[in-house]
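Chain lettering (A, B, C, D and E) follows the sequence in which the chains are written, and residue indices restart at 1 in each chain.
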Amino acid sequence: MALLELQDIHTYYGAIHALKGISIHVDEGEIVTLIGANGAGKSTTLNTICGLQHPRSGSVTLKGESIQHLPAHEIVTRGVAQAPEGRRVFGRLNVTENLEMGAFVRVDKDGIKRDMERVFTLFPRLKERAKQVAGTLSGGEQQMLAIGRALMASPRLLLLDEPSMGLAPILVEAIFDTITEINAQGTTVLLVEQNALIALSVASRGYVMETGSIRLADTAEALRNNEMVRRVYLGET
Amino acid sequence: MAILSAHHVTKRFGGLLAVSQFDVEIQENSIHSIIGPNGAGKTTFFNCITGFYRHEEGSILFKGEPLDGLSPDRITRQGIARTYQNIRLFQNMTVIENVLVGGHVHLRTGVFGAVARTRGVMAEEAKALEEARHTLRFVGLAGRGDYMAVNLPYGDQRRLEIGRALQTRPALLLLDEPAAGMNPSETEDLMAFVRRLRDELGLTILLIEHQMRVVMGISEVVTVLDYGEKIAEGTPAQIQRDTKVIEAYLGRRATA
Amino acid sequence: MLRRLLRRVSGTTVFMWLIGIAMLVVVVWGVYATLSSGRYKASDWIDLTVYGIAQGSVYALIALGYTLVYGILRMINFAHSEVFMSGPFIGYFVAMALSQSGFFNRQPFVSLIIVLLVAMTVSTTIAVLLERIAYRPLRRAPRLVPLITAIGASYFLQYTFLGLFGSGIKGYPEVAQLKGYWPFPGTSSGILRTQAVVIVSAFVMLAILYVFVQRTKTGKAMQAVSEDKDAAALMGIDVDRIIVITFVVGGALAGAAGVLYALLFKQVKFDMGFLPGIKAFTAAVLGGIGNVNGAMLGSLFLGISESLFPNLVLDGLGLPAPYQLKDALAFIMLVAVLIFRPTGILGERLAVKKA
Amino acid sequence: MNARTRSDWMAPVKSGLMGGLIALLIAMVGLVEVSVKRPILTADGRILLSVGQLLLLLPIILMCYKAVQVFAAGCEKVTDRLGLLATGALSGFFASLVLAALVLLGRVINLRTVFIRASPDLFNTLTFGLGLGGGSVVLLLFGALLGGLVAAITLLPDRIRRPLVLGLALVPLAAILTSALFAGRGFSVPVALLVGVVAAALTFAWRQTQPKLQDRVAALSPSGQRTYQVFRWLLPVAIVLALPRLGAYPSEVLVNVGLFVLMGLGLNIVVGFAGLLDLGYVAFYALGAYAMAVLTSPEMTWHGIHLTFWQALPFAVLASTSAGIILGIPVLGMRGDYLAIVTLGFGEIIRLVFLSDWLKPFLGGSNGITRIPKAVVGSIALDNSPKLYYLILAGCVVAAFVAIRLKDSRLGRAWMAMREDEDVAQAMGIDLIKTKLLAFATGATFSGLSGAIFASKLTSIYPHSFHVLVSINVLGVIIVGGMGSIPGVVVGALALVGLPELLREFAEFRLLMYGAALVFMMLTRPEGLVPEARRKLELHEADGEV
Amino acid sequence: GGAKFTCADPKGCVDIAPKDPVRIAYAFVVSGGDASLGTDTKRGSEIAVDEKKEILGHAIELVGEDELCAAEGGQTAATKLAADPKLLAVIGTNCSSAARAAIPILCGAGIAMVSPSNTAPDLTDEARPPEYWCYLRTAHNDNVQGAKMAEYAYEKGFRKAATIHDGSLYADKLQQVFAATFVQLGGTITAREAVGPQDTDMKPMLTRVAATGPEFIYYPIFIQAGGHITKQAKEVTGLENVQLAGADGIFSPDFLRAAGDAVVGFNWSSPDFSAFGAGYGDFLAKHEAKYGEKTLAPFHAHSYDATMMIFAAIEKVAVKDADGTLHIGRQALVDALFATKDFQGLTGTLTCTATGDCADPKIAVYVGQSADPDTWNPGADADSNPMKIWP
């Protein structure tokens, strides 16, 4: 059974019809990627899953239970975490406190501590800045923090919105290594990326979005070989 | 000739050396990139140039004149414009109004002119509006002028930010990660656009970017910062081969 | 170096420094003149300081309500002064009932606790209702809109109380055990018992609050919600619940402040909230709004300067009826502090936003 | 329609109880008591329906309506008519149950020791003067009937319902309005019927003809169009110019509104355009007024200067403008609410200093300044409101013109940019200091003008007139009107200054109703009554190309 | 019907049709911080209306306006009242600032005006402007009351006095008159202080006053601040034994509530209640029955008297047609009011001067006996609280 399933989702921003009937599913243990042009509705899709945006029609089911009417915080308690677009770190809390907020719904003190260590090994830079308030971090450091914070929730389903944005190339590699690694440990990942090349290399399946609807849905392998994808999203001429 | 030169620029935050004894020369009409690991001090250096931060040591000369200690608005009047790493538009203004604000420094109208709306003022406004429309066409936002800036998708917001900066008619344009959040084909467009800025408008461009495709594709000179210090400088080809840069920044796979 | 310095200094900074220096000169001169006139004894100054601390600690309890709500919703909760008024107002009826039955005289402290609890409950209820009805629907509206509903709610509550209970003054029953003084070094005849009780209970409550906000998970969640509600929700924080908790805490403190106020000054009236409300808000800003420690510090500072400065500064300058200018002086202090620290005594320098 | 579950019946009960509780509150604060003698409908000198009774009924009617709406919401077209009627009746019944409970309680214990308004008179009103037993039964039946009636009205076809409801609503409104403005005393039954029927008929007719009328206008010849446009402009202008004909009191209200429009236009520049939250705006109003007073009143022998209104006006305005700049400088570095509280402080400092014994020899202290001469134009003294109206109207027109011009200028854009993001605005080359000070100065100028007119209108001024609540009220005006919107200022001032005048009927409860209205308005229209309209700049280009 | 009535009054006449009520109005401050002052006087008038029931067979209608205790409120209220052609007279205003703005407008419309609580001397000064011709008051002129208190203090041997006002016209004027008289008699004023009406913490101010060493402190202010000062003065070192005194603004049971035990020994100046008509006790009983609470401020009786005075004047000048229509000349009504002589009111025997001062000039000084508001019963008897001690 699919861990997450979206059926015919329509989401609006006031009068703007941002998602026009999206249906996707993510199975337990998968890495699925969502690619698409600016304004296609990728972030809106993730926000709809998380409950930050409620769909006007359609259903979102998590483990067979429909969640589209639940408020965001309850969806999080069901094991969904997101590293949102634009980082959204808590600017006046320091790095450690931000990470603690990531583990807000968890109670296992040891597990939290272990995960904190893991984030610090993944991003040594954050360890150096552990007591600095997040608002003064550099853009990339904030991005690391946002990803780390999502990892801290130790979610079943991890939603990542353009994790590579603003990161140095060397770190991009590291991030994707980590994604594969935590996936191997049992976390399901839904990944939105502009860097389609690398996204498709770690994902098992992918969807291509265009102006609010799904244009293509296939295995990562097939998408990588798709003519249109190669031209537009992989930048090959 | 160097349009901008920095000598021994140092910026500290508490005990942290964000930029340290940094020297750089930006040649007129060139595309110059600054790269470096996250937190290396690139954005901080931009902030020092534009007067957002005040560096403790060193000096920055623009066209031979020191910029140190000037307020941001006066620096803009000297001919330097910028975009921001986290997009900062005037969100609740329309697209064209954003651009018109960029033209602020080139207009003269004061309170009395605005109220009396003399012929001169009207002409000036009409001209400003025409220029703004032209800029919108130039950055590919024609027809979007009356949208609210917040409602633009991410990529268009970046374009608008550049458009707004262009409207100040700068000699030097600072772009902070303009390609972030763009997909490869959009990035291609951006690169072409930046080249056009240089070729058609004769601007000098200083660029921060993490996408090597952009950096290596369009820049003539690349400067590499790490922990606030310059560790390398050269043509893209030289930089790509520099082991120190590979070690600190590029990683093995990128070069492969 | 000099050239560089000159370029940085603009006309307005010079102007501001001049204002600052002028203020300083006036203050120093006034203080010197007062002290050298020898009209006041040293114990007078200590007395005045104690009065100021008592007043300031009441301000602090109210100011925290403002600061907490401001911190989380970025709005000035103008109706907080009515939250402050409502508790002791209803508490008055309980106190009167207790006093008529004779229980108040037999068990003054139990009675006081009962009154305190009633007042805190009422204030909390009003605060929560306010949030539910007047502010929650406007969560995403422009910033100044909830400000206006707050003002509307403030009028509404004031005049509802006037309508229900009349415009007269309600005098709290006096507690016999709290009349008179307790010895206190330095003062002329000791410290007033009511003042001592007020100061001590205020500090206890402030300490509890401090621990709550700084140490507990809920406290941390409050800070997260105040920064970014959506991101906080993504952490699994129930934003609505946290906001309600904030209003509960602010309301309870205001109710307690109201009772302490009634203990100090003995009377309650439908419009009693307005002035302390404005003062407490000023104190919160003075300390750095949104900052819990700042609110406490600002309140004490304001309380002390109100009671000390008219005599200390204006007296020496030879102004007639200096006490009348006490509030003006309080605001001048505020301006003076904010000129040099535009974000309050403890406020973070948020101006260093990332570009 | 399927069988109704228990929860379906809970909804009307709940809204009924809610309506009853609101009515209870209205009764207990004494609103009924003050207005039960104010007639809406009279027959033969007796009151058939009083404002007090209407106030009690209104929440019940509204909540019944809500319950009926909820019931009807589920279905396209209501088939279960009986159910609908029952819903209305049920909620009406429960609403009156609350009131009956109050009556009962009031009889058992003496509520008056706490609630001073729980008087025998009130209970009499609630029980129609029939005593406890009979009265309660009648009350309950009446409530149920009323609810049923509300439900029945919703069943009527739209064509009839709208005019009917409008007619029903308009009669009390008109009755209250005439008594508020012209010291009338309610309508007699025939007059009420006439008003109701005419209103209903007019709505009915308007709804029938309005679409056709639009077609007609569209079909006019170009010259016809032009006359139509001219007419459309001339008509409001003529109405505005003719308003003082309504009488001295309506003019007085309009002049007060005008003073606030003037201030609102100024504050709108500071807050609405430039985003600088100023809560001490009254300071400039005070300065304008005091400058006028000091310069013109024979009481103030200040170097023997006694100017006329017109001679003093420029100085008064100038005093405020320069105060705007001087007070603006220290607050340049402050942001958001720090600015708000410091400006609030400035307002209070000014008031307290004007009140102080210290400056009493120069400014009169608590005694204020009296014997300020009225303005004279030619040989006409502007000594009453209908005449002053034109002065204030002129002031408002000039201020609105200036505000509109500034808004659509380079300066207006700079203000807006500063409001959105100060740092970036500065990076766009905007001189923050100059731009902020200009906003303060322009705002202060309008406020000073308003204050100067205020002083000469009153002929005596006191520090008490310049309380912070004035600043807050002006802020309310611009936000209720719609921030940044110039027509909004006018509408906001009418709503917040004009409307409370109509509430004078309710004496001490005016502010209670004002507060409730403020909350209600903001909840229903958070963007304001007349939100700021954006100029379409780019579309002109499209026009040009076509 | 008899001969048709022709109006010869220079200011016009009001005709009241057979079934119509006689309409008078109040202009009091019924909202804001001073609401209790206005509510108190409003109730005084309402009780008078209840008691009078009808005038020459016509019901009485009392309408009202809020004057906000401010000039602008007075002006608006007066404009609205003046627009009512049937309005005969106005009771009000409460505040002198409102009065100054209202009088010209009401007089312009020929409406008689009697204030129960304006005390500013200039309103009934010899030199008052002619446009004040329709204005009278039943409240005490500050000149009388302030001077009496000074005489009392000096007579009792006090030589050093301090004064405090609250920025209101009323208090400021009273303390000025007091100070002037006291100095004239040979005393000295050690300090002249001021507070805000909403201030609570008075100790710093009192500490300052204490430093000047007064024997007598006079603060003719209102209940809220007055209560705080009275209570806190006892807590300030150096003032424990100073004689405290106020005026009729705090002559009310609410003041006992506000000040608590400190009122024992407190001195008030107020109309001589021992000279009051016997009706006062009845009045208080009616008040409590009607409003469910005790009186709120000191001017209800003045307001009652003002209303009754107006009724008497109307009865004196009204011309009644055979069908019951009343005709009342406006100038005649005002003249009748000014002609009031030996009118038995609650506040004493009222006689109006040519400039409109109608209050009985008998001022007495009272001393507080107990802080229990239920014992409030001003008089000259041994069990009175407060008890008259002078003259």
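Going forward, a residue touches a chain if its C-beta (ideal position, glycine included) is under 8 Å from a C-beta of that chain, and two chains touch if they have at least 3 such contacts.
Just so you know, these numbers come straight off a predicted model, no measurement behind them.
Chain pairs C-E and C-D differ in how many C-beta pairs are in contact, and the one with more is C-D.
Among the other chains, E has the CA centre that is most remote from the centre of chain B. Placing every chain at the mean of its C-alpha atoms, the farthest one from chain A is found to be E.
If you average the CA atoms of chain D and of chain E, the two centres end up 34 Å from each other. Centres computed as Cα averages put chain B at a distance of 48 Å from chain D.
Averaging Cα coordinates per chain places chain A and chain C 44 Å apart. In chain A, the positions touching at least two other chains are 136, 139.
Residue positions of chain B touching 2 or more other chains: 43, 50, 52, 71, 84-86, 88. Residue positions of chain C with contacts to 2 or more other chains are 10, 159, 162, 166-167, 320-321, 324, 327, 353-355. The touching residues of chain C, when paired with chain D in their complex, are 10, 12, 15-16, 19, 70, 76, 78, 93, 133-134, 137-138, 141-142, 144-149, 151-160, 162-167, 278, 281-282, 285, 289, 319-321, 324-325, 327-328, 330-332, 334-335, 338-339, 342-344, 347, 350-351, 353, 355. Taken in their complex, chain D has these residues touching chain B: 401-402, 405-406, 409-414, 416-417, 420-421, 423-432, 438, 442, 534, 536-541. Against chain E, the residues of chain D that register as touching in their complex are 44-45, 112-113, 116-119, 182-183, 247-249, 252-253, 256, 352, 355-357, 365-368, 370, 385, 454, 457-465, 501, 504, 507-508, 510-511. Residues of chain E that touch chain C in their complex: 31-33, 35-36, 39, 167, 192-196, 198-201, 203-205, 207-208, 211-212, 223-224, 227-228, 231, 235-237, 254, 256-258, 260-261, 292-294, 296, 373. The part of chain A that touches chain C in the complex is made up of residues 50-52, 71-74, 76-77, 81-82, 84, 88-93, 97, 100-102, 104-105, 135-136, 139, 149, 153.
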